[in-house]
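Listed below are the structures to be examined.
Both complexes below contain subunit A, partnered by subunit B and then by subunit C.
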Partner chain A sequence: MTLALQPARRRHRAFSVPLLLFIGSAALYLCAALWTQSLNQLSAEGIVGLLQRTVALGTVALGQTLVILCASIDLSVGSMISVGAVLASFIMRGAPAMMVPAVLVVLLVAAGVGAINGLVIAKLKVSPLIATLGSGLILQGVLSSGFNNFAGSVPPAFQAVAYGAIGPLPWSVLGLGLLALGVSWLLRSTRFGAHLYAVGGNAAGARLAGIRTDRVIVQAHTLCSLFAGLTGLYLASRLRSGAPWVGRDGVYDLESIAVVVIGGTMLAGGRGGVWGTIAGVLLFAVIDASFNMLGVPAFPKQVIRGAIVIAAVAVYSLRNKGHVA
Partner chain B sequence: MTIALPDTALHRRAGSLTRHINSGVVIFLVLFAAVALKQPSYIEPAGFMNFLRRAAPLGVLAAGQVFVLVSGGFDLSVGSLITLSVLGASMITGGDPSLTGAAIAALYGIGVAVGLINGIAVAFLKVPSIIATLGTLLSVNGVAMMWSGGSPRGYLPDNFRAFGRFVFRDVPLVGQLPLSVIVLAIVAVLAWWGLHGTVFGRRVFAVGDNPRAAELAGIRVDLTRISAFVISALSAVTAGIMLGGFGGVSTDVGQGLELQAIAACVIGGAQLMGGRGSITGVVFGALSLFALFTLLNLLGLPQALRDTAQGLILISAVASGAYRQRTGG
Partner chain C sequence: MTSVLSPALEMIGISKSFPGVRALEDVSFECRPGEVHAICGENGAGKSTLMKILGGIYRPDGGEIRIKGQPASFAHPVEARRAGIGIIHQELSLLPDRSVAENIVLGAEPTRRGVLDRTAMRAGAREILARLQSSIEVDARAGDLSLAEQQMVEIAKALASKPSILVMDEPTAALDDSEASRLLDLVRRLRRDSVAVVYVSHRMPEIAAISDRVTVLKDGRKVLTDRTEAMPTGRLVRCMVGRDLEEFFPPRGAADGGVLLQVNEGGNATISDINLTVRRGEVVGVAGLEGAGKSALARAIFGDRPFTRGTMQLNGQPFAPRSSRDGIRAGVGFLPDDRKREGLALGQSLRDNAALTLRAFARALALPSAGAMGNLTLDQRLRALDVRAARFDDPIRLLSGGNQQKVIIARWLARDPQLLIFAEPTRGIDVAAKAAIYAIIRDLANRGRGILMISSDLPEVVGVSDRVVVMHEGRIVGECPSGASEEDVMALAVGHGGSVAEPASACGS
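After this line comes the complex of A and B, so read on.
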């Protein structure tokens, strides 16, 4: 019975939630722009600017979606982003020749951190919250004891990642779009994607069905940290250098979880998808842009933002009949 | 058979013995022994009391947090609530000692409100607590900044700061007794009674272990959850009042304390997702964490490595707990 219902329900969710969020975000943006008469925000440049603000959070959130789908979570992404940004600018030191080695080192470190996260969770049976909270603290501690300010710099060629564009479309936005398409393909059309949903939906059942659940969890975490490393590279490019607080200041760990949940992916795992997450990121960017247009000062903005996170998640969870903690 | 029986009984006794010794106590003894080896003054009464005085706010915070953890949730908002308490106290009193009583009453009022918001968001709006308390973390921090205008202003009157810094002199046996240690003792006893000695405490365990079963047994799961969040918020305000006495007014007093409190609980054997934990354990967990920080200081390691050590101890505490549970030891 439930087996027959499942696919239909998933398809229904995958269509409705992101679409609703996209329409809601667009309406909010339009209203804010018309209300404050900041019509330049509605021009192509204004909208491209809005999209550019989704890149950093969007990239982390894609990775976070993967781990949350398999009923895990990653709280270390904020520190991983800082590590990526600092490593990149420290290795490059403004030299274009060091760009490729720096990117490779960052991605290798990120993959290593993710694999360790996954192994601690899958093999040592440490709760993912604690495992990634701990690894985040470890990374942040090592990083902050080695660096206490902007370290090195990024050559102009690397700044093109954040500032370059093809026609009106920035590379970074295009890159996020391609990443989202890639992850969407991974989830819908590969064996890994199917296994991810299976492990998140019912880990014991997945194991009995012959899926190597440990391996799926390690792979998901490796991918998630890789996405965090990419975000670090992007931030280093945008800020022209990396500092050990770039990840923490962006609250990327908690905000990425919030947008994934707002996008309709269940924290319990097994249900959700990429497009909801992207729509959630867009909603956050629109809310920020609207606040700016309305001229809300920084601190009240923070208060309202907190309330919006709770309200947005409540909209979905209210349908939930079971208990949450 | 007759030979085998006493054998298994012996095993069981040995097993239950290791289970009854709390991991927090063991870790604390090991770490504190290391501290004492490095700096012998810490085992003298004065040195030990000073250690307890500075560890007291974390102990209070952990004793409140464990109610939420045992009921199956998280409370990430306590750090920002501490910041709000300290900034709020300086805004209300403005350095006037006669307003201290009113300020403390107002802070506890704010604490109850934040706890209720957390609890209602989780119990009625069904928002997972990690998200709900993240939302209140952002909002409470914003309110603290709005109230103080973004920079710490004013100072705290001396009678307010007494909770953090007053020390009774010439006390028999220990020599000196800081007021904050007495506060920690009172909070620990109250929390122990609340969690282990009352029907409410049983309900918290039942809700954390299996909310559906608890509901079928007639427990109001929503009210139990809300109470747990209010208790955690009240403990945060208490810790905030003590910390105000330590370091004075700043905008980052509470930063990171929510993670330290959760870490203290985990070291003390509390189980995330609910159903297990004890006040003795988490108070010793808090002392362990503080002993670790002291040790790192004594070894002259950079402040930043605190985080690294905290992360390592957190993961190893949970991994060893998970291992013990799997092997039934």
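After this line comes the complex of A and C, so read on.
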């Protein structure tokens, strides 16, 4: 006897979080520009300027998305960015010949820091919050003991990373777009991506399914730190030199977590994606730009950002209520 | 196949200790291709430990595993999987936010030139589900599925790696009877395909129906292995518990108390037209398939997900709880079906767990161990229910399911509720502890409380209840008096017992 009794199932057609955030950001930007009559902000130049502001935070946040998806977190990205920026400009010292070695060293150091973060979390079972808080403090400490101001400088050829463009589109914006596409592909179309969601969604279950969960965590953290290293390189190019406070001043650690969460990636792991994060970064940039146009001081801006983070998480939790298995 | 079948799997002299516990001692058994070998024993007998060793989750302290005659050792579950061992674990381990297909191929995703092949993924998942005769959609989100469907996906997941040795650890725990019988059909088909099936179960009828041989474990040692024909249920139970189970279901009482709970035309988003009476001294069973609304009914009465239509009376007073706190205040207690997730604070002690509801209603500034929440009173209460634990301040996760359930009962008794709602009171609990829980339920009724018992376990609901109301698609479709047969209840549960529109039609003929 076979009984085909399937209880009627409610279909939740989830609205697309990234799309909604994109539309919201665009609307806010448009309103602010029209309200203040700053029509130049709506020109191609103005919009490119806006996009350029997303590059640094966007790059870190892509990495942060990866670790948060596997239920980890990285608080050391801010310090890693400073290390990357300082190391790059210190090694280059204005010499174009040192560009390639400097970039390689920064990426190598970043990958090493990420791998160590991952190993401490996966093998020593240290909570990721503590492990990366600690490694961030260590990095900052080492950096501060060697440098207390701008160190060295980057050659003009390297400044092209931040200031160069093809047509109206800056290299950096194009680069962020390509990185985002790459990470999105990684998540959607590779085993690594599938395993990342699995480890974040149910670590024990992933292990039982034969996934080497430790490896996945180490890989995610390595990528995350690499992205922080890239951000450091970008900032060195943009500021023409690296200083040990660039990461801290940008609050990249906490802001990258904030935009990931706004973008609909669950802090507990297992759900989310790249485009939500990118939309979150854009929203932050638009809030900055709009408040500048409106001539509002920086203080209320932080209040709005904070409120948005809380509101976003509240909306996601309420939406999930009663439909979590 | 070749002459006498050589074993596909041998576990020889396996021993395993945990700090303070000797979990397994010198356990051996073997399973041939095309054989179903049942492993049974009480909870804590070592079944799960043995299976975890086979699955590469634990490493044995001593002994040897042989696969097709070759010695094997597994340092990680992935190695066991590569050796052809598929395991259906007792606890669900699905990713709620991923699709059914993604869950089924997890850990062995098909790729083409390094890129995930989603078409192959979905086709493969669909094929496995078709073999299981399941109509679950491969694109559905796993978290949207019912518990039983999730269990099906879990089974599909284990079959995805085409194992030559399949371990099923209590696979029917979350299934209702029709789904369980479909699963047993599948096991028969696997046997025909020469898969060696190791079947871990509590359910005696299943073991008798499906297995070729039985190995009984008790306290980490093997009692015996024998052909299933030579093991009638009585002998099997005797081997497992070491004594006869004279009285499995306690005698029924004389329910002549007044009406305690009355529900009139109750309904909400999931259930409707609920008319129900529970008297003092009575155990009312609620039966139905998975998804029929049994659990929604329990939660509506308790106030967790309240009725939005209709009225209720408790003790003659109007009763309209808007939250579980309201329900508790009015004298209702609820023991949830998912003990681990909703019933227990797993890391806290027995005492803390037993004091939970008392503390929830204590004065804001009361000490956590004031008055009835003191250790002395708590311990008394735990002992009265025969909770067995080394120390009452051990974390409760160390206890067996039966003892955990007793602690939850103790927690409610501290509030002295008039109506107690048990949801799946013995899910995942072994035979001996089941009898103890039934005795407690009957004793509570005999002391003048009303009991509502939600259960998917037909023998249980028929054996314990004074009356069984049967639900189907969110409505009560009928009622069976005590002594009704399981077939009567089943007929109603699948919607064959009279008109669905008429609630509470009498059962059978």
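The rule is short, and it goes like this: the second predicted complex is superposed on the first by the 303 of 325 C-alpha atoms of A that agree within 3 Å, B and C clash if a C-alpha of one lies under 4 Å from a C-alpha of the other, contacts with A are read in each partner's own complex, and residues count from 1 in each chain.
Everything that follows uses one rule, which is that a contact is a pair of C-beta atoms (placed from the backbone, for glycine too) under 8 Å apart; a residue touches a chain by one contact, two chains touch by 3 or more.
A quick note: this is a predicted structure, and the numbers were derived from the prediction, not measured.
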item	value
Which superposed partner A:Leu208 touches (first subunit B, second subunit C, both, neither)	second
Touched partner set for A:Gln302, first subunit B, second subunit C, both or neither	first
First (subunit B), second (subunit C), both or neither touched by A:Ser189	second
Contacts of A:Leu267 with subunit B and subunit C, given as first, second, both or neither	first
Partner chain in contact with A:Val142 - subunit B first, subunit C second, else both or neither	first
Of subunit B and subunit C, the chain that contacts the larger number of subunit A residues	B
Partner chain(s) touched by A:Ala198 [first = subunit B, second = subunit C, both, neither]	second
Shared subunit A surface residues [contacts with subunit B and with subunit C]	323-325
Subunit A residues within the subunit C interface of the complex	1-7, 9-10, 12, 188-191, 193-195, 197-198, 201-202, 204-212, 270-271, 323-325
Touch list for subunit B against partner subunit A, complex	71-74, 121-122, 125-132, 134-143, 145-146, 150, 208, 211-212, 215, 221, 225, 259, 262, 266, 272-274, 301-312, 314-315, 318-319, 322-323, 326
Residues of subunit A touching subunit B in the complex	120, 124-127, 129-131, 133-138, 140-145, 251, 254, 257-258, 261, 267, 298-310, 313-314, 317-318, 320, 322-325
Touching residues on subunit C, where the partner in the complex is subunit A	55, 57, 76-78, 81-82, 87, 89, 93-98, 102, 106-109, 111, 114-116, 133, 135, 140, 142-146, 149-150, 157, 178-179, 181-182, 289-292, 473, 494
